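Take a look at the structures listed below.
Both complexes shown next keep chain A, but they swap its partner, so chain B is in the first and chain C is in the second.
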Partner chain A sequence: MPKITIQTTVNGRSVSKDVDPSLRLLDFLREELYLTGAKEGCGAGECGTCSVFVDGVLMKSCLMPAGKAQGTTIETVEGLAERNRLTVLQQAFHKTGASQCGYCIPGMVMAATSCLRGNPHASLDEIKEHLGGNICRCTGYSKIFEAVELARDVLNGSVPATALQEDAFKDSFLGANVRRLDAPSKVTGALKYAGDMTMPGMLHLQVLRSPHAHARIVSLDTSEAERMPGVEAVVTSADVPGVDGYGVFIHDQPVLARGKVRFVGDAVAAIAAETVAQARDALEKIKVVYEELPAVFDAEEAMKPGAPLVHEGNTDNICQHIPIRKGNIEDGFAKADVILEETFRTQRVEHAYLEPEAGLAYVEPDGTVTIHSPSQNITHHRHMLAHILAMPINKVRMIMSPVGGGFGGKEDMIYQGILALAAIKSRRPVRYVFTREESILVSAKRHPFVMRLRMGLTKDGRITATHMHSISDGGAYALSTPGVMRKHCILGAGPYEIDNVRIDAYGIYTNNTPSGAFRTFGAMQSLFATESMMDMAAEKLGLDPFEIRRINAMRDGAVTHTQQKLGSVSMLQVLDTLEKGSRWQPGVPNGRGATRDDLGGPGTRAPCTLGVRLRDTSDVAAE
Partner chain B sequence: MLRCDDYYLPATLDEAFDLIERFPGEHRIIAGGTDLLPWAREGRAGDVHIPVLIDISRVAEMRGQKAQDGRIRLGANTTFAEFLKDPFLKRHLPVMAHAAIWFADDQLRAAATLAGNLVNGSPAGDGIPPMVAMEGSVVLESRKDGKRHTRTVPVADFIQGPGKTLLEPGELMTAIECDDMEGWGSAFEKVGHRRSLVISTCCVAALVKVDWATRRFADVRLAIGAVGPVPCRAKELEQSLIGQPVTAETIRSLSDRTAGFVRSRSRQEYRRKVLASFVERALGDALDELGIAPVSQPVHGEERLHA
Partner chain C sequence: MYDDGRKKRGRGMAAGWYGIARTAAIDRAGAWAELDDGGTAKVVTGVTEIGEGILTVLAQIAAEEMGIRPEDVTIGDNDTARAPEAAHAGATRQTYMIGNAVALAAREARNRLVSVIAEKWQVPAESIQTRNGEMWAPGTNLRLTMEEAVAQCKGVGVVPVGSASFTADHTALDPVDGSGRPWQAYVFGAQVAEVEVDTATGEVQVLGIWAAHDVGRAINPRGVEGQIEGAVVMGVGQALMEDYQLDDQGRTTTPGFAKYILPTALDVPQVTSFIVEDPDPLSPLGAKGIGEPAMVQTAPAILNAIYDAIGVRITTLPATPERVLEALASKREKAA
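This part shows the complex of A and B:
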């Protein structure tokens, strides 16, 4: 392989290395120098997890060929804290709780450092502008901005350095600003996520994925791929020794496609090779003959007789139907003065955690298969993998690596099985790191729903009956669909006392990307419908939206429509707090004309602006 | 992923041409790299093998900026970050600072060059409308049989269509020239899915000069991007303002004449609405930069769209 010599100074140390000219600066730092503080969140310059200083200027190292670093001076997040003493900014991040999953944090710390180096008195607007190229998916940015402002003030002496110390607390942690134990390892870039780990002799895994939404695999020929340079193992479903199938509730997903692919991105075969590039080259030599099958992309279409069937043995594409019945809705609607009916739709959503899926698997001398991955459910994964590998559970070890954002999206064992097979077959440690594109293509999404909701109310705002009929696109495999349907129903009627409730949720198989767990687990969708309808009912009945909710709110001792008795219910307190906090202008939603008085005001976050630095024209005038 | 077998950093133009001649048909020129690397990924070009990358970002002759004969000459290695920081550029090309602040983010601006933006020829290239508005032209140089050839092409002609330019194989864009806009008021409006790091759905560059004695528009430059195959100048709108009084009504009268510029096939209705507002707002902001507010009569019952 051709090499170029890169000479640079990295964190004060001279470095000279002969490297593959294809490397980006990010690869050079991570793979050649083991400086894994800079992360790869997207590889396309969008997310800022890879930010480093090049000759004092902050750059995205994923968009910089390593060749460009020739003769430059580079500073990474590892170089900020001298002799393990955190910088003021790092201490401020620690203090305010700015690091949550931590994956964006090295980049954030670098961007904030760049901002304050450029202007030690940067205003909040300017801080926001300078951090504009760095994405965080956990914090909502508030704590990060708080940290940068705190650091700025401490550095300027307007706030004493003691402000960086942990707040004092007495008997209880409740209400106290307690610092996270793992924050120092995150703000310094020291923490190793799965994609940061390396082992001697480690191979790199790449996966061949289906270009078709629904197709039969007529033949799969890996012979040429096996002969490609650097290839140590090619795995297919034929390598699965045990019972092939996983899923949070139903084990309907094979580790690698078994005779059929069910969505674009379904894993077909995998290759472990000495380098990622060799693995990718070898993937191209795998010959797959597909016979395309009719596919179905809409949940309601999939329920119709004659629709293409996604899974053999399932005759109606229904993955899970949850029916909930309380009272008698016909009686309830008969008592209603008004009946509202509406169809609500929600869309598929990607979690977009900053850390793409990654894992490292190896076989220990005693035969134990060990997998490091940011799994949100290691115990269940361990059980499933033991069945798949036909091994006793004590020979399967799952180690949860730091999770660089999960939000439910890392509950599914979508790659750990492939890694295990590759490690067993190659007898070498194997690492697999998804690209951002692969993560979006393959990982589960929030369930899209179509919800037909009918609600009956008396004139004074009391709900007499609610009937929700929900159909959700669960995609090609079950993943968390059964549980999501359940939660959708359990919470779907809202925190309201309703005598007559009927809810049906159908999770449906289609040839779309599988849907899975995502914050609120199906409840957000049904509550979007219910709460939207509460506002519509308020309009219809001439009631204040808070008032109509108070009329129906569950109180202490309420029994839910799934027969759960609730000891204490804080609904009324929540409503009071919200009403007060938002400075709510009472009244009917549609009775206030074009303007309202409760928008903006103190405590409201101002919209983002751009160009605050352009408004400062002092340097132009001075010239 | 992008793969190459060799990476060169020529220090002079001659060294760059030496490399171009040495690797005909197997090289690619790279400047900031912020378009090239994202292009070589899944969903776009996928895995790409380019035998030789010639990085021109250190070519001495392509650096620096100067004023001459009412025109400004920008070396092709001028980055977007320089438009925000360099006092000379801020004074002579005020609109470029406004465009630059909307362009990507601090970190990409430090690498990305205006020349690269023009060579890339995207319909949504944020550097293009300002250059079209400022009568920009590009200097293209090549070397044949040891002799340098230079031609200058207006930006408006250089960009032929999405990703299509008049750049010939072996040719380098070495400089960009445009009118000196010192003393003009300027503005750049842009909307995309978010504020930072976003591709324009619609953008407008505006520059105005005012006759202070009569409070009339002395000169106007308007260019529109991201709503058609190539960014374009709105000369007929400019003409209809020149000599007119600086009033809110004059400016607003343009709003119903902007729809024809929208030729994109997607989100047409949205783009038409935004563009009408943007033209109005950009002119207002450009005037504001000069410290003149258009005489305004409040309009009732009209809903205005703000990005």
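This part shows the complex of A and C:
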């Protein structure tokens, strides 16, 4: 394809480049100009990480063809401030702790800059609307709002610039609001995540993934793909020299499919080529013949005799069962005045870290295989990879690149093995950057649970027995399922001292997207059930929600559900602090009547009335 | 005012607890430290930032232990071939495991330096104070900058280095009754949610969250708040909108952010955090953790608030407008 010449002004400098006309503005900035502050979070204009100014207008650069930038003036996050300086807004982000993983932050800084340039007196609601197209997964947005309001006030002169300075150091650095040391690198876009890194001679990896949930691979022919332009290495499970398997607790997942695929998206083969496009073209030339197998998509179905088996050698699809037994629940229920019973269900949740998985692998002169990736567990990954590569452990080097959000989702070694094999085979550095769709398709999800919970209580609110039976769909591979079942059970009956407890959790293999580690590791699911039932019990017994929890709360020296004697227990202190701090008005759930005055006070925001306000200020009235 | 017939408000709460660091398995982390030229320091440990602020926390801890400033600390942090094992960035273990390893390593380096200077000064090493870039012996006029102290230490042939390993003594669960000591440090927390439910559309807005959490000791209070606020909003997503779905052949029907709905700036409640400090007695810092524990209460608090507002108990997450409307319809049916 003939190239086009693009002449623009970028961050005050004239630029002229001959580029492929299919390039997006985002690619032009990142690949041609090495301005990697703009990130690709989704490639579809939905997350805002790629935001830049084009002729002063905030644009999502992933949606704009590079050719449209001809003759324009572009400003990126790198150009907002002079070198080694920060704008007032960037200083405000630094001051308030508005950046966490930092991956959304360049886009967030651009959107906030746009907001304040448009209106130096923007209200909080206007700020929120301006940031509405930028997703942040770490911060909960609160510190970002605080930063933009602070910058606004400094810029419009209503507070002095000294407000941007770090809080004064008192007696100790422990307990002080020391500003984040990494914030300047994040608010300026200077920090390099794995997908921003390049090396001379670097190849690009792409992976062929299974369209079937459960199928035998009858044949895999890569010969035509190997002859495609730009292809330097084709990798399959045949290239694994060592013991092929990884997983956080059970090594049941091969680096690339070995004889069969177990979920839609399972990695089958990989190609390293000179460009991403060449690697993608070559993937289409890989010939795979599949024989579809009966599949199972429901955890309870998978436990029934005769269900399709996801893993050979596993006869009941049970990946992990964890039992907890304390006291005797029959005795406990016999002592109860009321018994409640309910089934609770939770969904699969995507981690949605803004940084899609990415990595860069190469072989060092001494033969060491080095992999940069946002791995949440380089220690364990190096162990597993040494076995997979049949190499001494000190010849496998894992470098943890800045993690653009993890939440447990980057504990799984789902691509580092492929990268290592491709770097060894091609003798070149190899980079692999997931698209958002690929990330969502193949990364682990929060375990969905079905929890049957039965709780017995005396009429004065004391829990006499808790019985929870949980079944969770762990998907096609174990990943963190054993540990998630364990934490689900240990914590599931809640922070209460209960004499009689029985909990069972079953993590089940199915042909669904694998479930894995996700912030709280199974505990939020079981505690959702228990804490919902605590309120059901409060209503039934005419008690206040704080009161019923106080009656049962673990106290100093409490014995847990796993029969561990605790020392100091802060539960009551926490409840007292919260009850007072939230201005809680005691009463039975849904029974506090019209006279209550605890609603709508300090600590609440106004309900969102975006649509209404926009209509009010539009030209509708003039029509 | 808060019940106009169509829109109804309510409040709910939930409590929770959490264990810190690896579950039901012994946990460990290592660190190296060196008081360096210019009164700076190098701290090396094998794990890095995932956004929670650990590098800043470690710099604060090292600075406090060594008597220098956080900005004087350089952290070498992320490389299995260059740094000691610190294991994984998860399980709410970073501040607890790596923070304590760094504290102990920094303390050893500092003590090596102090013992050299104590000998020069002819004072007991225990009497020497170090803080904010200076070293002095109280009650005397003996005082040095840390830059000078390091130079003098090296002048007698000693490089002030330290190393440490921190252990959390956890045991496996019994395979039959689950008994065991899965963690040595526990945190407790509770949250209140205030919601508004539009009974015509089923839409739920979370207007306020009050969150009280024990963190042992807040090394960086603003960082703790940031973790709570992020966890709360993730909890709002789980409670009300997020749902990764598969069809009957195991193919996702939510392949991108257009279909997989996440909380945005317009969805977030005002969050008020209360930090409770019940120090951990088994570690030098007394700090515990907050990354995960702050999100266990949010969803049940919201669902309990929905019940308080409209008297329907949603038992399946997320509480989408469709589910809320369905529950309201079934409540009306039962009443009729």
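Methods note: the second predicted complex is superposed on the first by the 598 of 623 C-alpha atoms of A that agree within 3 Å, B and C clash if a C-alpha of one lies under 4 Å from a C-alpha of the other, contacts with A are read in each partner's own complex, and residues count from 1 in each chain.
What we mean here is this: a contact is a pair of C-beta atoms (placed from the backbone, for glycine too) under 8 Å apart; a residue touches a chain by one contact, two chains touch by 3 or more.
For clarity, every value in this text was computed on a predicted model and none was experimentally measured.
In the superposition on chain A, contact of A:68 is made with chain B only, not with chain C. Of the two partner chains, chain B is the only one touched by A:4; chain C is not.
In the superposed model, A:114 lies in contact with chain B only, and not with chain C.
In the superposed model, A:24 lies in contact with chain B only, and not with chain C. By the touch criterion defined above, A:608 lies against chain B and chain C together after alignment on the C-alpha atoms of chain A. Chain A is touched at more residues by one of its partners, and among chain B and chain C that partner is C. Of the two partner chains placed around the shared chain by superposition, chain B and chain C are both touched by A:44. By the touch criterion defined above, A:60 reaches chain B but does not reach chain C. Of the two partner chains placed by the overlay, chain B and chain C both lie in contact with A:132.
In the superposition on chain A, A:250 makes contact with neither chain B nor chain C.
Contacts of chain A with chain B, set against its contacts with chain C after fitting on chain A, overlap at residues 44, 46, 129, 132-133, 437, 608, 610. Those residues of chain B that touch chain A in the shared complex are 1-9, 30, 33-34, 37-38, 41-43, 47, 53, 55, 57, 81, 84, 87-88, 90-91, 97-98, 101-102, 104-108, 110-111, 195-197.
For chain A in complex with chain B, the residues that touch the partner chain are 2, 4, 21-22, 24, 43-46, 48, 51, 57-60, 62-68, 70, 111, 114, 129-130, 132-133, 276-277, 280, 435, 437-438, 608, 610-611, 613-614, 619-620, 622-623.
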